[in-house]
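You will see chain A twice below: alongside chain B first, and alongside chain C after that.
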Partner chain A sequence: MRTFLKLKLVLLAMAAGSTLFSVPAVFAAEQFFPLLVYRSGPYAPNGIPFANGFVDYFNMINARDGGINGVKITYEECETGYATDRGVECYERLKGKGPTGASVISPLSTGITFALTEKTHTDKIPIITMGYGRSESVDGSVFQWNFPLLGSYWTAADILVQHVGNLNGGLNKLKGKKITLIYHDSPYGKEPIPLLEKRAKMHGFKFSKIPVTHPGVEQKSAWLQVRKNRPDYVFLWGWGIMNSTAIKEAAAVRYPRDKIYGVWWAGAEPDVRPAGAGAKGYQSITLQHSAGKTAVHADILKYVHDKGNGSGPKGDVGHVLYNRGMLNAVVSIEAVRTAQGKFGKKSLTGEQVRWGIENLDLDAKRIKELGIDGMMQPLKVSCSDHEGSRRARIHQWDGNNWNFVSDWIEADNSLLRPMVETAAANYAKDKGITPVTCKS
Partner chain B sequence: MAFFIEVLISGLMAGVLYSLVALGFVLIFKASGVFNFAQGAMVLFAALTFVRLIDILSETFAPILLSLAITIVVMIVLAIVIERLVLRPLVNQPGISLFMATLGIAYFLDGFGQSIWGSDVYALDIGIPKDSMFILESVFEGGILVSSEDLVATLIAGVLVATLAIFFQRTRVGRALRAVADDHQAAQSVGIPLNYIWVVVWSVAGLVALVAGAVWGSKLGVQFSLSLIALKALPVLILGGFESVVGAIVGGLIIGVGEKLSEIYLGPIIGGGIENWFAYVLALFFLLFRPQGLFGEKHIDRV
Partner chain C sequence: MFYREAGQFKTSYTADQAAFPIAQDRIFIAIWLFIGFVAVPLLSNEYLFRAIFIPFLILALAALGLNLLVGYCGQVSLGTGAFMAVGAYAAYNFWTRIPGLNPLVAFMLAGGVATIVGILFGIPSLRIKGFYLAVATLAAQFFLDWVFSRIGWFTNYTPSGSIAVPPVELFGFAFASPVSKYLLCLTILVLFAVVAKNIVRGRIGRSWMATRDMDVAAEIIGIRPMYAKLSAFAVSSFFIGVAGALWGFVHLESWEPLAFDINRSFSILFMVIIGGLGSIMGAFLGAAFITVLPLFLNQLPTWIGIEVSTAMISHIEFMIFGALIIFFLAVEPLGMARMWRIGKEKLRLWPFPY
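Moving on to the complex of A and B:
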């Protein structure tokens, strides 16, 4: 009899529990973010700090502010290993989670972005590709769901050409110079090629390109060609171990490191530290920010790391890729905050968050309030311009730290925009998309 | 001409490094007929253990030597565990089952190594010089580039092959290994313990993995990509034959030179980035004429 009673109690408790859990999740004030990360595999050294910055900022906002205007941030990580197929799997698994599904997705992979662009359009989930992805997705009339915020690869390539032009006394002085692109043989690495070819035609510099196959550990042939052809500048479009290997090989063939300019995905600590002293003088474009700490880092340390909830080593807070992950989280949250202004302080759908991103306006005052002063320029997104800002600086590795060596340089939109519109129109025609009419 | 010689030398040296990884495959295949898919993961695991232990033992009197000794012990323990938990239960099972088991070992070791030691890039400095040398500067303008790092790696590979040759030819255990390689059942019938031999051969393969990991790690930094180096060893094995130490060396040299020359002279014509797959094309081309590989044993089965 006693056993029966116990059983009855257990069953009652289970029933009560199931009632509790069956309360429709839609009423929970939560905003769900799927996080496609790579904490293992060949690209993990770069993926880990990025993911840590992302997660730490989310946790800090929850701990300090109680979420976004009281709406708690929830997230789930899914390991992609930087592989496109696994990235798509992660997306499919996470897109429906949370009370209103995925708010926004940031895959940190151009390959995954290519694979998800059509899916997110159908699923009505915005995709933020901060500093990567399809360059033509700047055109929001065609790519309504893609947001390559702060800079596309065409923007990066354009700024790099402008920078080396400035060093030579003007773009017209590049005539006869040789620029070689060493790139990761993937959609990511191939992105800057159309822009560089166009600039080469305009200014008369000789442009050559050398692909490096994944993961980029074997580059001897590439750098022997550099040694033979002696280009004036090398642009490096690598990721992961490819970057440090490139710098080591450059040192081996004695190519001057200060003539190599990496894209912003080749300008962080994991790219230079393994190359040791050989990396001194190496430069890269920044995605506006570099390494370093601002007011927001103090809050992250106080509310997250000091409470024992940091997602990585405390010493890594403020590193380049940590900051990038953190800024990606900042713009995602600010987009939700903007959307809340229109739709209310509740769990928002992906479609509503998309509106928030498209109407994102982070001016200098707001940037200061967010505690990220000096890390990014004002960002104003619109229907026709999903990039929002096209400015960057160059930083240089001195053997221990990154230091800015240029002022802000703005990409030439009069050159980029026609390219963006032509490529976007071709994509729309290809996929049968009717572009929306943008009022802004 | 100078450029061609440079490419040739760099190809030969790259080939030696591929051979280092291929040797591990050959050892296990020779002794047990198992294609050990986990050899790449063993390279990564050994290198990760080695580099992280150097960091942990940095305050001691000889961190590199101590780490080396401990890593050797770890690789021997790993061999014992693999023999007990994976190989022994699969005795007399079809070769494909053993191959699948090594696939499992590979994934386990990849994840286990990264869980314990981390996924960062760890710089490994074991004193191998990094500077390049320029030879024949009086003959060719700018000289011919020779990487001293690759040169040292070549010497290490040479010493390793010589040691393995002595081990196989001159020691009791080595002779037992060759006996097992020739005929399992015959070897067992004369009292050679198969399980013990498997432990020995996996231990030796583990040590070869450690040497390969240390050399590659010193060159690239120790990181997950080391396990992918195994893919570079596959065409070497196809070309050289799965059962021959000499084949691994000669195969490595041919593949190294072939892929570098193809990338530089053929690559620009067909878009570049071809060296990875061209290595396999080269290996398959050789197979057309010698299906067992250059130095592999010819098997004639009655049907």
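Moving on to the complex of A and C:
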């Protein structure tokens, strides 16, 4: 009898719980976003602010505008720990949720992007890889569902080479210089290599590469090689704990920090703060934006953090990775908004959202309206160009803040495009995909 | 009462030599096969197939292979991930370089390549034992990891070192849907389990067990340690190689060397230890424990409606998972297979235990 009583209590409690959580179902239409995040593990220092920015923007839009044109945003987080197998599991777990399934997926890991590329193709869910993923997926005729918006790794590498070329008074002055790439030994770290090798051949600089094994806490030998060879520049393609370790090791071997250029995933506060004063002078390319606050941050603080719904510390709002997560949420939502213009203000399917991303056109005026003025350049996606914008700046850490030290640099598309098309054609051949014909 | 074999008379040598001499065991296996081949495909959804059953089946095959080596022959190996990688990359290379090759043939050839590599890295076992051997196989793990991420030929010179393969196609039928993939893996696993069961109760298996229990004594009664140890490495690597090929071609479809890193080796070794050394059943139980439990723990809070932050869930997952491993090892060091055996003995006496 007593056990029955207990059971009854538990059931009652569960019933009460379920009614509590089913209250917010007042909105008619919902748009579901799966969030693949990593809030634990060696990449957590970078994964957490990104995820916070993402979630805060969603909450702000729900609180301020009541959703996207009245369609409420719902989301669910799933922890991947940056591990590919867990990422695939999370994708499978979340792809069918919400009234119309996942709208768009942002895996925040190049490895997971590789694993999901085929799966999203069959499931008809677009995949936004803002500043990461497969470089050749810029070619939308083959990679219909992949959108490496705002820049691929080839774009990043190209801009970095152009930048050091500018510093030397022209790309042809790079002849005989030594550039070393220290990279995370994964698809992510290997992505820029083809472009850097091509540029090295074109301009005659000596390119060498040093891999660092995941998770990247052991880099002594890599930096001893740097000390021995004394390259003119070091490009750092690291992520998570690997970045701060690299900067500390550079300080230990006295390699000048202002000769190190990180990719945009190696240029945020968690990368430089742990290295302390040793990080001063360190530079990295930005994914268009840097740290700092604009109008949209005021809204996030007002509608989310001041109500006590912020997902992280208030002080982190406006940090580099926070901003990146937020921008990722912005482009996802704007894509849905664009798609709503064609398909109506209701819950949209992944296929409809894909149309929205492909026809996404954020001009300077719209960017200002969104309150992200200065954080991104106009972005126009088309069927053949899934990247939308190929411009970036370099910023430098002065010990307390990130400051821009270069003007906008545009990647040389006449160099990148043939590489993209060749790689995409190879992929299409391997996979037996017939590329679609793009009108634009 | 339930497991009493009284009244089951063996009237022929065939009956005496059957793989499962007790009728209850045969019924039990038949039920499991029915569940595997009929009930699961009918009742599962895509998530269960893709995220739970397919990885479970493939890792169970790998654990089975490793159990032959560690559990039956007593040779500790930390190179499982590497041998899986050999299988996956070999299958990829056979498949891309020989046009029109049947993927099943590619998988078997890949198993063959893994066998050769396994024997090669098994040679140190002739001289060294125990922890020292574990360290020697660790070398295989690091060396092969390095080979696949550094030598472009193995990945067909893909710039990022990541390989993508289309769905497996056999006799004009593409194994693209989760159910078909599941059934493919299950069929292969069942076939291999039957082979393993028969190897371990035959001459070869007995020579492995003799070597495991005391190699000097085994040598004295006429077992050649070189054949015993190297054949264990060969068979085990073949199983693991095929599992690796399936992991790449059927489960991931696109992979990088990191998919077969040292953590994979450890997790499969844990499956074998927790499941039960020297038991076919143990490989399945261990694989289920290691692959399914973390996912279950991860989703439990959402199911019962407790709102916990994502980071907290994954921390709790690690803590409970770790605690359970310790609990199982403390309560039953011989693994879950041993628990099952105890359960059977209890059932035999129930309801009149003495």
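Here is the rule we go by: the second predicted complex is superposed on the first by the 412 of 440 C-alpha atoms of A that agree within 3 Å, B and C clash if a C-alpha of one lies under 4 Å from a C-alpha of the other, contacts with A are read in each partner's own complex, and residues count from 1 in each chain.
Note that in this section a contact is a pair of C-beta atoms (placed from the backbone, for glycine too) under 8 Å apart; a residue touches a chain by one contact, two chains touch by 3 or more.
Because the structure is predicted, anything quoted here is derived from the model rather than measured.
When both complexes are superposed on chain A, chain B and chain C end up clashing with one another. By the document's definition of touching, neither partner reaches A:371: not chain B, not chain C. Applying the stated contact rule after C-alpha superposition, one finds that A:193 touches chain C and leaves chain B untouched. Of the two partner chains placed by the overlay, neither chain B nor chain C lies in contact with A:292.
Of the two partner chains placed around the shared chain by superposition, chain B and chain C are both touched by A:211.
In the superposition on chain A, contact of A:435 is made with neither chain B nor chain C.
In the superposed model, A:274 makes contact with chain B only, not with chain C.
Once chain A of one complex is fitted onto chain A of the other, the partner contacts of A:40 extend to both chain B and chain C. Of the two partner chains, chain B is the only one touched by A:253; chain C is not. The clashing stretch of chain C relative to chain B, chosen from 130-138, 238-246 or 292-300, is 130-138 in the chain A superposition. Touched by chain B in one complex and by chain C in the other are residues 39-40, 44, 48, 185, 211 of chain A. By the touch criterion stated above, chain A contacts chain B in their complex at residues 39-42, 44-45, 48, 185, 209-213, 215, 217-218, 220-221, 224-225, 227-228, 240-241, 244-245, 248, 251-254, 270, 273-274, 276, 278. Touching chain A in their complex are the following residues of chain C: 46-47, 50-51, 55, 149, 159-162, 164, 166, 176, 252-256, 258-259, 261, 295, 298-299, 304-305, 307, 309-311, 313-315, 318. The touching residues of chain A, when paired with chain C in their complex, are 14, 17-18, 21, 37, 39-40, 44, 48, 51, 77-79, 81, 84-85, 88-89, 92-93, 96, 110-111, 114-115, 117-119, 122, 134, 185-187, 190-191, 193-194, 211, 214, 423, 427, 430-432.
Across the complex, chain B meets chain A through its residues 3, 6-7, 10, 14, 110-111, 114, 119-123, 130, 132, 145, 147, 149, 219-221, 223-225, 228-229, 232, 260, 263-264, 267, 271-273, 275-276.
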